[in-house]
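The two complexes that follow have subunit A in common; it is paired with subunit B in the first and with subunit C in the second.
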Partner chain A sequence: MSYIPKPSFRHPQLPVNDLGLTVRDYEGALSTLCAGCGHDSISSAVMQACHQMALEPYRVAKMSGIGCSSKTPNYFLNQAHGFNAVHGRMPSVTTGANLANRDLIYIGMSGDGDTASIGIGQFIHAVRRRLNMVYIVANNGTYGLTKGQNSATADRGSLAKKGSANPWDNVDLVTMAIQAGAGFVARSFSGDKAQLVPLLQAAIAHNGFAFIDCISPCVTFNNHRGSTKSFDYVREHNTALNRTDFIPMKEEITADYQPGEFTDVCLHDGSVMRLHKMAADGAAGYDPQDRVAALDHIQRRSAAGEVLTGLLYLEPNAPDMHEVMETAEQPLNQLGERELCPGREVLQTINASFR
Partner chain B sequence: MKPTQTDSNFYHQVVDCQWACPAHTPVPEYIRLIASQRYTEAYMVNWESNVFPGILGRVCDRPCEPACRRGRIDEEPVAICRLKRVAADNRGDVIPLLPAVPEQKNGRKIALIGAGPASLTVARDLAPLGYEIEIFDREIKGGGMMWTQIPRFRLPARVLDEEVNYILDRGVKLHANYEVTSLKAMVEQGYDAVFVGTGAPRGRDLDIPGRTAAAQHIHIGIEWLASVAFEHVSRVGRRVIILGGGNTAMDCCRTSRRLGGESVKVVVRSGFDEMKASAWEKDDAVREDVEILNFLVPKAFLHTDGRLTGMRFEPVRAVYQGSKRSLVPTGEPPVEIACDEVIIAVGQENAFPWIEQDMGVTFDSWGMPVVDRVTFQSTHEQVFFGGDAAFGPENIITAVEHGHQAAISIHRYCQGLTLQERPPPGVTCVSQKIGMHEWRYDNDISEDPRYQVPHADKKIALLDQKMEVELGFDTAAGYAEAMRCLNCDVHTVFTEKACIECDACVDICPTHCISFVANTGEQQLRARLTAPAQNLQQPLLVSAPLATERVMVKDEDVCLHCGLCAERCPTGAWDMQKFLIKMAQAC
Partner chain C sequence: MVAVASTNEFVVKFANVNGTGSASANHLFAKALFRMGIPVSPRNLFPSNIQGLPTWYEVRISEQGYLGRRSDRVELVVAMNPQSFTADVDSLVPGGYLLYDSTKLIDLSRYRDDIHWLGIPLMDICMREYQDPRQRQIFKNIIYVGALAALLNIEFPVVKDLIADQFRGKEKLIAPNIHALELGHQYASQNFDCPLGIQVRRRDLLGDAILVDGNTAAALGCVYGGATVASWYPITPSTSLVEAFEKYANRLRIDPGSGNKNFAILQAEDEISAMGIVIGASWNGARAFTATSGPGVSLMTEFLGLAYYAEIPVVLFNVQRGGPSTGMPTRTQQADLLSSAYASHGDTKHILLFPADPRDSFELAAQAFDLAERLQTPVIVMLDLELGMNDWVSPPFDWDDRRRYDRGKVLDAGQLQALDTFGRYVDVDGDGIPYRTYPGTHPDKGAFFTRGTSHNPFAGYSESNTDYVENVDRITRKFTTACDVLPAPVVGKSKRSSSLHGVVYIGTTALVMNEVIDRLGELGVSLDTLQVRAFPFHAEVFKFIKNHQKVFVIDQNRDGQLRTLLINEGDIDPAKLVSILHYDGHPITAATVIDAVVGHLDVKTGRPSPAVQVPPQEVEQ
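== the complex of A and B ==
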């Protein structure tokens, strides 16, 4: 952390978005995380994504649980809504919030402990329900707040800071999310904003559960030789499946690539996600909309010791929770008393339908 | 781009104020001393570099301020000049701190002609080395143009005399009231070297109809100011016209306001913005009810029976062809302005009627001596020039720098060393880190707007031409203004091999100076950064290739030197290092 407040002076040529805001208007409080923490880069990527999409901060709700990762919503989008839930309960609280107000953009910030350990039961069901939210796991494979024990996502054999190898198999969150029905699943790396920012934009535009497993090295407890979540290890083993461009709905798509080099996927809100295939082994015929193939590819690359990143799976048109449950179009918190308490006669009609 | 050579020149350039200062005074260093109320030390840092802190703290041309980085991120730059005055106003006894002048001389004798800032600087630099210094000046006391051309309401006699005497009291012999009429004779008197610092003593005249007939009420600006300084003139007509738009014109109009001028008009050929006068001097004149009239070319002095009645002007407008401007008559009828006196302040010229053509000092076609820009030596190896006498009218701080350089040359010349070889500057670069988040400088910069210097009540100030108008910052305002300084001399120093490319510095930087990008040519690189680096005057700091084959590029343009990059850096790849460069002097 730093002791001085960040000066408010900004670069005079800093780009402004359609709202007339610069990226500095999307900042939060100054981070109190360790200097160099990957989580701060994720916060910064969220700010950049929201700035580039010209999201009004008041349309965003930042949801989190407990952990280093869950502190980060304090460090971006000061003007947004926020809820810091009990450890591991962020998915459930977000489910409730989303039911009450479906108009907000929910950005859940969680960590490997908050999601893969204490919150795993909450997480898996939010995925299953295709809750319309962006769920980011800042994944560092270690419990930083409690001084560096291996977390559930630490790879088997990864060395802890004191040298002991992790004897357990890891929970692979992307596999889990795909299996449980998430419509948007990606893996990225806090040290690669060029990849992370467009993925975040597409995740925000996606209708349904958008999951990003973001490897975010813990500089204090898990950035040493032998760790599989260190900056160096991830950079050396990173296999990027594809590169993403996010093209907002209103922008005209100009083709400056040869056909076959990319695939355009139209997202729910009309924006387009352009996937550029990378030359990685096995990526040539990769179809991110084929769930079985995606799961197979992730397993194979993982077995080969690679850290597969990019957009892994996408099902752009799957119905989200509201569609499945046929909830009211208007958010509950905007319905009047007449709609919420329609009276005895309506109740009698409902009761009659069960007889 | 190739990795930046982070040599002393690179770091010096980043300290905009110091780089812009002709004498390269370490500005942030003395501003920090002011902030910690160490006024005497702040004064001495100045004195060592610019010789006249109290004088310059009032009347410097302040090339540092337009250069100040603060001006690029905030409304206005740091009030550097006025902070210098805070140091001067609050200093303790500095005489014991001045360098000792040896009793035993080194046997070399140097003559300095003219007792202005250039000569005084030469004297100051050479006297402690044991040189016997003699200064010759035609006026009754030392100070040169600082005494004759700058009005006392801007520079009180007490302040001027004190700093001039710091030098003259140190075994330097001043021959006052001594007009040198022959340089040849001077050289033949056996001086080892002669330094000419006689300024630009001739005010330019305006040869238009009526000039001779109405001569009694028409004056040359700098001569008239000198007459006021020597109290030969104490009144001026009720209606005064000043011709010219430079700082001398501003001094003339404001002096006129104090000597009975009620309706004082400055009439200028060019537009208001192109006037040569410093913006603040124009402001001060306007504040004292001086009217500034632009785009009027003087055509004739109007008079009846030798009595000046007014002036005729031709209205013009500016026409640009590329960057070349010409003033074209508008065709409107001429403008006549009634007046009782006219002061011509349209420029100054050099004049060396006392330098013999055949003595070995070559003059160019403009009548200026041929002087080496580095050594300040003329074509006569024993004769050196400096100040306005060398290359035409500049300002005090430039004259001081000329003096320093000439003193180095004279010292080397007397030792039989080559003059082109210059002694290197003294450079120190010291990490400012003292703890996890603690630095040896205050990196929490103030976001206050520039503080305004209080002025004396105009009604009272206009009654007395010796009463100082600017009152200077008090210590509280001086502290607050000092805190606006960004400490640009505390540099962000980057070590490639420690960098893990975690982006922490990129994310924290308040002004988006830092980017990690694929390397390319400078032009594309400047466009590729997080915020475009459009200010081509400001260098890029480019690292060697990193592990990802990208390079770290820092645009120095709007860096706040807040040190947050170094605070957020987990590996110490960024460090904040204070870079002090002390330009070489003879002493």
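== the complex of A and C ==
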């Protein structure tokens, strides 16, 4: 816990959003992570995304498991309820929360240990149920809280701080998420907020499972030469597939670009995600709504040693968990005796069926 | 040769091959007796297997209302399984009857000469009457039910009505089934001296009782108790609980306007996830439950610790089965008491409820949601296979339409608006129960961070030793409050004003206790009884123990877990509590209890031990 109180000073001319809130109204407690931690940049990107979308903070539920990443929900959106569950089990708790109240926005913060190791089963099953949530993995390839063991997303051959090479193959969460049926899959980098913030906005607007694998270097245990999750390594090997603009539903779409340079995708809530192709280094790009092409491309770029970032796959109109389950429109937690209890007379009929 | 003779006091055992469709025919038999107003307790004794292994259905008929399992010895066996034939013959009392398929010649001289053989050429009749091999199999079962109706004097119109009820909506099937019944009835009437020495007679003793299994009853309790979220992972013997919930929810919980469901049932990938879903839903203000058995509870224990410590309501049905590890999945025990009461690491404790019959199962299931939300903690409803998967004669379910759900201490937007400060874990009322809020209630008041780490009264992360101690001590206070609101025990006084000796038990053990008390009374032994209905124990439980010189504690497990809980929680001298143990996977019998009590008290009965006693009358035939 931090013993330094967070200063309450705010600049008088901070921009306000449609709710009249400044970005400071989206803040949380003071972070207790290491200075320079990539995860703090993700928290800050979440605040910016929510502020720009003018989300009411209290309509968000912040979900997490255990680990450095899972502490971050405490560091943004103070007016939102948060749930720091047990290790690797955030997906099931979020599933239950969403079943109880489909009207809130669920933002889950997890890490590579929490998701790719202990929680890989729950992750996959939340994906395949198309749970309507934003699932962010702050991916640093290492266990920070227990001081630097390799995680399951560490690349084979990546060097640990003490010099040993990781002997095991890595788990690639984005291909796994696409295969399991996630409707929105992106990879980003905590050091690239210009890319991350619009991706977060689009992920929040997406109806269904929106997954962002965010490479987020661990400055203390995994930011050295020879690590494939260091700031330097990711900067050097980052291949941005596209750049995203998020255009909220109410804004008029103005064309600043030549046709052919971008694709507009209409999201569930009517807002638009504009994808600017960035075919650098011979990466020809592909239609992000083509699942097979996405998987093919991600694996080719990975084999070429690149860290492919951007929006990788999108299926904007797939039904989410509630549509599949045909649950009531009204959140289940708002139903009372009138809707739930069939009453005495019906029970007498049921009794008769047992005679 | 003597023949056993008894009206309305005997046991019939059906020995079948698993997967041959015998279950519904056997149920038909039991239900016919129920409709004649005779107390009856059918139970499945079946292997953990899909098809091929032996399975038994044992029906105790008892005008005296003794519904517990009597013993391994029966008066009539319907022996349809060659594999278990020898053992089935051996299970008869001397003078008993064995109904078998005489299509193939069996050398009866190889078996016992002190029983009566009732050979019916079932396969022959089926081959003659039916073409379809599946029908030949199915109707064989119905034919023997028809024969039993003649042999035991079951009112034939009652059986015919049951067939009509069973196939309502599929009327085409009624006539062939009744034809099969008649085939059996006719054969028995023509070839045997009907009725036999053992027979039934209408008694109309059951009033408005129902015949239903405990899992279905609990599922209905969940529907009536307002459960909206159910998540589960299939496991015997709890599966039928969630399946019954789904059946009734689909019937009773469809929104009339939209046709959408006012409930959500999710089959999870494992029990861990099932519990996570329940916790997430309850945290967010829905009434949620899961059902499992011992192995599932083991997987859920980390989450149970979170729910205990973060104070989130949970309703969990533990339909107990036998043994550690995979154990005996289709056998019954009450061996999860300790692992459920103290599930999870650190100082944890959970509320347990112990239903004893279907009516109780319904009531405690519905009440579990009120208790979980009032006390903000997991409530584990402890059924067992014996109750969950068998049909029981039970008082009917009842519901008072004025009854309102107790949603516990939850602050709404208006209440939050009026508050200066909100602290999630502040003990405002001094009862140890704090106030909670649902996410999304108020724009800037009432939000908090739910965590399994130690926390201060405002839900902030804290490793302060005083914060920790104050918090866990408050939870202890909450459990003291719980003792007063949990279901009180059921105390039975012996016929003498009160006895020096008492007996304490839980759950389905209650089903043998009327027989135990009556038989002990015949031996001049009187016992006061106490049926525990909840843990932590009510003050009445300890008062009862204090007021008796010696207290027998009946446990359906090897280690005397109920006794351990009593000693541990009540600071009781262990010497005062005498264990009566039963843990072979079969339901407990009255004889087990009687033998133990008689043995311990050194009662001079002058009679053989009740365990080996055969039913009272024997007459010459």
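Criterion: the second predicted complex is superposed on the first by the 334 of 355 C-alpha atoms of A that agree within 3 Å, B and C clash if a C-alpha of one lies under 4 Å from a C-alpha of the other, contacts with A are read in each partner's own complex, and residues count from 1 in each chain.
Criterion: a contact is a pair of C-beta atoms (placed from the backbone, for glycine too) under 8 Å apart; a residue touches a chain by one contact, two chains touch by 3 or more.
Since we're looking at a predicted model, the values are computed, not measured.
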Subunit B versus subunit C as contact partner of A:Ala304, first or second or both or neither: neither
Touched partner set for A:Asn74, first subunit B, second subunit C, both or neither: second
Partner chain(s) touched by A:Val93 [first = subunit B, second = subunit C, both, neither]: second
Touching partner for A:Cys266 - first (subunit B), second (subunit C), both, neither: neither
Which of subunit B and subunit C A:Leu14 touches, first, second, both or neither: first
Superposition-derived comparison: subunit B or subunit C, residues of subunit A touched: C
First (subunit B), second (subunit C), both or neither touched by A:Ala54: neither
Where subunit A meets both subunit C and subunit B, residue numbers: 1
Subunit A partner contacts - residues on subunit C that touch it in the complex: 34-35, 208-212, 220, 223-224, 226, 228-229, 231, 248, 252-253, 255, 258-264, 266, 268-270, 272-286, 288, 302-303, 306, 396-401, 404-405, 437-444, 447-453, 460-463
Residues on subunit B engaged by subunit A in the complex (per definition of touch): 72-74, 437-438, 443-445, 447, 500-504, 506-508, 510-513, 531-532, 534, 547-548, 558, 560, 562, 564, 567-571
For the subunit A and subunit C complex, residues of the former touching the latter: 1, 56-59, 61, 73-74, 78-86, 89, 91-101, 103-104, 121-122, 124-125, 129, 325-329, 332-333, 335-337, 339-344, 346-348, 350-351, 354-355
Interfacial residue positions of subunit A with respect to subunit B in the complex: 1-15, 24, 31, 34-38, 40-41, 43-44, 190-191, 193, 217, 219-220, 223, 231-232, 235
